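Here come two complexes built around chain A, the first alongside chain B, the second alongside chain C.
Moving on, here comes the complex of A and B:
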């Protein structure tokens, strides 16, 4: 194992995230969520002790009455979550979902305002434009990584800023799209908006349905196609994959391009969606800040174990606590409390699996059931266990290949 | 000539935070830990440094004294925050890039939450000016005096002192040698009795101190003493990582790389003062993009034969020796 690790040194150890059985990863996700919520509660206690319990109730239960909105806001982060998770599968850390999202949003917006298309196809073309915009912004880090050996993390961060500055400039210079007195983009015509599903009290739209279909398609691509197999194999061991004749460079570029496209569609979904005021759409304010939804996508992907179907659940969950978070302002808190919870969740998901196995062992030792497995306590031995799991999974994938 | 003086005078306060943070990143990576959390640590240090300034700005303390104590506060805050990264990546063997990303996301949210709740703003606004019109005696030296000791901040001098200390620590002390060994071949280092975990804690902690100070210096020299949770440090932590790679993990080269980026940035924000560039009529946005694009160009040219520490990013596991 050490050999692999050495070889993959600039890449992070993807195996900790992706290659465990569903049950274990669910346990890790739940542990990370639990700790994230605990830290969130502690911060609320520090900030305003008298309202902490009321605020925390909103976080936990506030989303209940607004399930339509939960799905509405889950749509873009589901797409950015897929963008991050899909690249994870190959061992790439696509921190550039933010820039890809912004670029997709701009492309969609441009088509929505400036192209003249028959009503029913216009929004579909606009979403497709978003896909293309995101793909371009994912393609660039892919090229840098594959051909020039530049770490994709740095490239995507730089292109987050480049993309954001470019989009803000293009929007501000375009009078058709930009309302300079409101410093926001104008509303797009209602015919170009994504049709709402008609659930009372919410603008949840076809976007969420399409997003779920895309997640299922990605799942099929990953599990049932040669490309998906190659992609995962490269994620497990780049050198073995290349030795087996897989085209690593081509796959890196392809993966980043598709991932970028996913985030781009997310941007299109966000900006083409109808908003709360009748006939209006969502708007964008060009104030030189990189889009937060791209980073939320990292949490979504990690919680969903980079699995396309798990990502659907985690996006819904994050959106759920975000909705609750906006309600906390009723008792003097700010919605940023959820950003804190999300960041803490990411922090703990980076090592929740190791932590969980340590805790499980501790409990087993306490209950005296250590006859099932020999008692092991040190961290290093926990690591070895995860290594065993990886090998089992590798064997499984090899069987699939045969 | 005035334009050149102006550009250099403005470049230095911007270059110094970049330099310090990149040096921090260097210490961390030389010990074997990728510190992508520099951005967050900077903001954390800047916040507490500015908070200190806010608390004492009404007192009779002189501005330069406040700056020095604020620097200490920022450094200690940065150190404390970096312990979260050390713990996760050294003890828990977590993925360093993911942990760093989480730490970067945590701080802006924290600052926004607390600032909105307690100051009804996006951050901290201070009113103390740390600007130095001219430093006595030194500013009278022809050319050099005008370039380095007029219209400047104390941060510039401190930055270069820290650079000198870094060079000595990294290359002339036993500690520096051991630190570098842990980043190149931790198992070999361990076999001769070096405690790899301790050295890595030291590396990340130094980076925490330097990034915290760098963040505070950014707030002082670039943001006029203000800290905002929205704009944060505008990607300076990430730029510093690029500076570090461009500088090939070597202090003096890092200094030149930092000044190069700072120069581009200064240029971007003073286009309207330079008639020649202003007349070109290029949208200012392109100049703002310039530092990021230059980063990509430089990385594209240098990454093929990168001198990165060999063991960086790999959790150290004694049992795998």
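Moving on, here comes the complex of A and C:
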């Protein structure tokens, strides 16, 4: 009797876990990655058939030997991913992460060069300045959206350009920051650089840890607080949110401001990262190019299903695959090939959910022929089977990797 | 052996956590109108979806003219001559009537569309069955009733002989309903077999030959309409006696709770004000009903009252406090509860769980949050309490997604939330729209209970029966103005109808009196 009860409870738990929405979206993301890799491999096969297998091995495993770098490059795109995903939870498409990122970077640089602070706090203040810079650049589209109902996509795209040109202009006009003969910013003092984590051959630094903590905080804000409750309610149904007396306009501004702040921190992390070469530092070249990390953030957020914790995984994954991708040049591939593969993965993530349910149906049909299961259990079992299937896929990917 | 055109035998269909159809048998004779009756969530739509090929049943079989058939998708159904008019029409708004009807079976000549022949066939069909439509009109330009005729023509054009109507009258005006029922009778007389899904008993008594009743996914029985009564049908449907009258005793109203003076609200669709100079009082312990034909300013009146829309002019006083300019939250906190007209647009966040929806108006109160952190245990306990007290049924209790609940239970959830919230005034806007008799009876009893507890209730309704049965006082809204005040005990439906149609109105003096 008791054993039976326990078994029931266990089954209930498994069902609970597998039917959990987070779990489903993880499954969908894995599916997207798998399909993206397959198509990526086909593209490589077309481009250089003789080296495709060697190249694909770099894509899959190249990141392994450079895990420190994977985390280092994941740091800024994790932040821009959070910037996009957080706003997305409220139904806002923050395409302006690039501008916010650049603005945050400039604010951080400004504090790094112009403020005189003790070494142990200087980098913290600089990161905070980046946060403020990004917030300002998120706040303005937020205001436009809330008060004048101007589409945030349009304003934030415009603000990518405005932010980038402003920053380039400010830097070029500032002799303390700009080295005109090298057309880049001067080296930042080592005391303002974020402490490295001490992994040999890599610039990975405290930034990644702070970024992960911020992601967890965002998760808590979204899932546990009344603000998160309001934000998601507005994202799902803004009419119901209004009916319930939520202050939609205030929340739009707040959300965009926070989102901008996230991207701003990303910019600060990128420019304040320590350099492996003594006496040097990261630099910025004001050459009128919009920061790519902002757009990568859109991909990161999509693949992570706008979930803060999912974003940690997706940022790491995209960074991993990009690291591996750069190595494909050793066998004659252009690094751009990896950009195509990443794009394909994102493309597939859009209908990964559909794929997921299609597979569930397929298995259901197959099971129905094999043996008659008790009807009441079919559903939970199907879900478990889908999961198993994904594990198979994972194994397959690993196999291919070898 | 009788001549059945379609037989659905022992159909069983399950969804996660719920058996939608449990061993259901339905037999349709040729040329009959067969009603399928049941409460919301009884499994009517599921059964029809199985017949139409949208779902596959786990058990049971379908026969056409005695032969077993397999229907895997709507195309299979079409080939067997089964057509369906869905509750929400499946029409392309920017296409013409003609283009919509031929969609999927476009006649082609040398790779080009050949429309003339189809047009003639459509005109012929529409004359034969009295379905007046103009083939070249755009769908977006024609009325809902007309759109429905297009859906019917679509079935006829494909020579379907078994026609499924899924709650066809829910979207129609009373006049259009009469026309539709006549069309259905004509179709049956021409030899078409009709399955008519509804929960409106009057319509069944009017047109159906036989009726199959489902309750909670189970088959209850099939009866001949000639030998049954409305009461009998409703007992089969709900499983107990239903009173069509609302039980309520007379009450002496108390203090004025809500006082509206000269309220004017702008319209979103035209330049004139939708609500003009409306004044009224609602007292504690009375149900005041605002009656009127849809589109006479009811929605705007409610928006103005509840704060969803700004007033052009006028004042609203709730328990002596001026709330004319107060925010929605302030109005809610000072004792206004609001059961909104559109439960999907305003009433619920469909992608939130039931428990999250139940605290939608209260999540900010200290009971449910501390330092801005939601108290999840409190939320769960509260949801379980409301679910039990208000008998809200759902697949997974508090964690059910609102989207997956039946309409009646979604409405129950809203009503539970609004009634349980501390309030002095309950604004209920078409609270029974689209619901079955069991749910309607329940909601009416809740309104009366609220009144008896000393609350002021303002009911906005389009249903004459509801207006006459539930209210203590009727105010008629016509073109944004209150044109009359009636006592449901003394007036008749006919007189009320005249007021609603604008054919009669109280004199200026009387109207002003009504506002005091």
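One rule holds for everything that comes next: the second predicted complex is superposed on the first by the 342 of 402 C-alpha atoms of A that agree within 3 Å, B and C clash if a C-alpha of one lies under 4 Å from a C-alpha of the other, contacts with A are read in each partner's own complex, and residues count from 1 in each chain.
As a convention for this text, a residue touches a chain if its C-beta (ideal position, glycine included) is under 8 Å from a C-beta of that chain, and two chains touch if they have at least 3 such contacts.
Keep in mind that what you see is a predicted model, and the values were worked out from it rather than measured.
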item	value
Superposition-derived comparison: chain B or chain C, residues of chain A touched	B
Touching partner for A:289 - first (chain B), second (chain C), both, neither	first
Which of chain B and chain C A:241 touches, first, second, both or neither	second
Partner chain in contact with A:154 - chain B first, chain C second, else both or neither	first
Touched partner set for A:47, first chain B, second chain C, both or neither	first
Touching partner for A:229 - first (chain B), second (chain C), both, neither	second
First, second, both or neither for A:337, with chain B first and chain C second	first
Residues of chain A contacting chain B in one complex and chain C in the other	379
Chain B residues within the chain A interface of the complex	36, 84, 88, 91-99, 101-103, 105-106, 108-110, 112-114, 116-117, 229-231, 235, 238, 241-242, 245, 283, 285, 288-289, 292-293, 295-296, 299-300, 303-304, 306, 308, 310-315, 317-320
Complex contacts: residues of chain C adjacent to chain A	14, 16, 58, 306, 308, 327-332, 338, 340, 345-352, 356, 360-361, 363-364, 369, 372-374, 376
In the complex, chain A residues that touch chain C	224-227, 229, 232-233, 236-237, 239-247, 375-376, 379
Touching residues (chain side chain A, partner chain B) in the complex	1-2, 5-6, 9-13, 16-17, 43, 47-48, 93, 95, 144, 148-151, 153-155, 157-159, 161-162, 165-166, 168-169, 173, 288-289, 295, 298, 302, 332-334, 336-337, 339-340, 342-344, 346-347, 349-351, 354-355, 379-381, 383-384
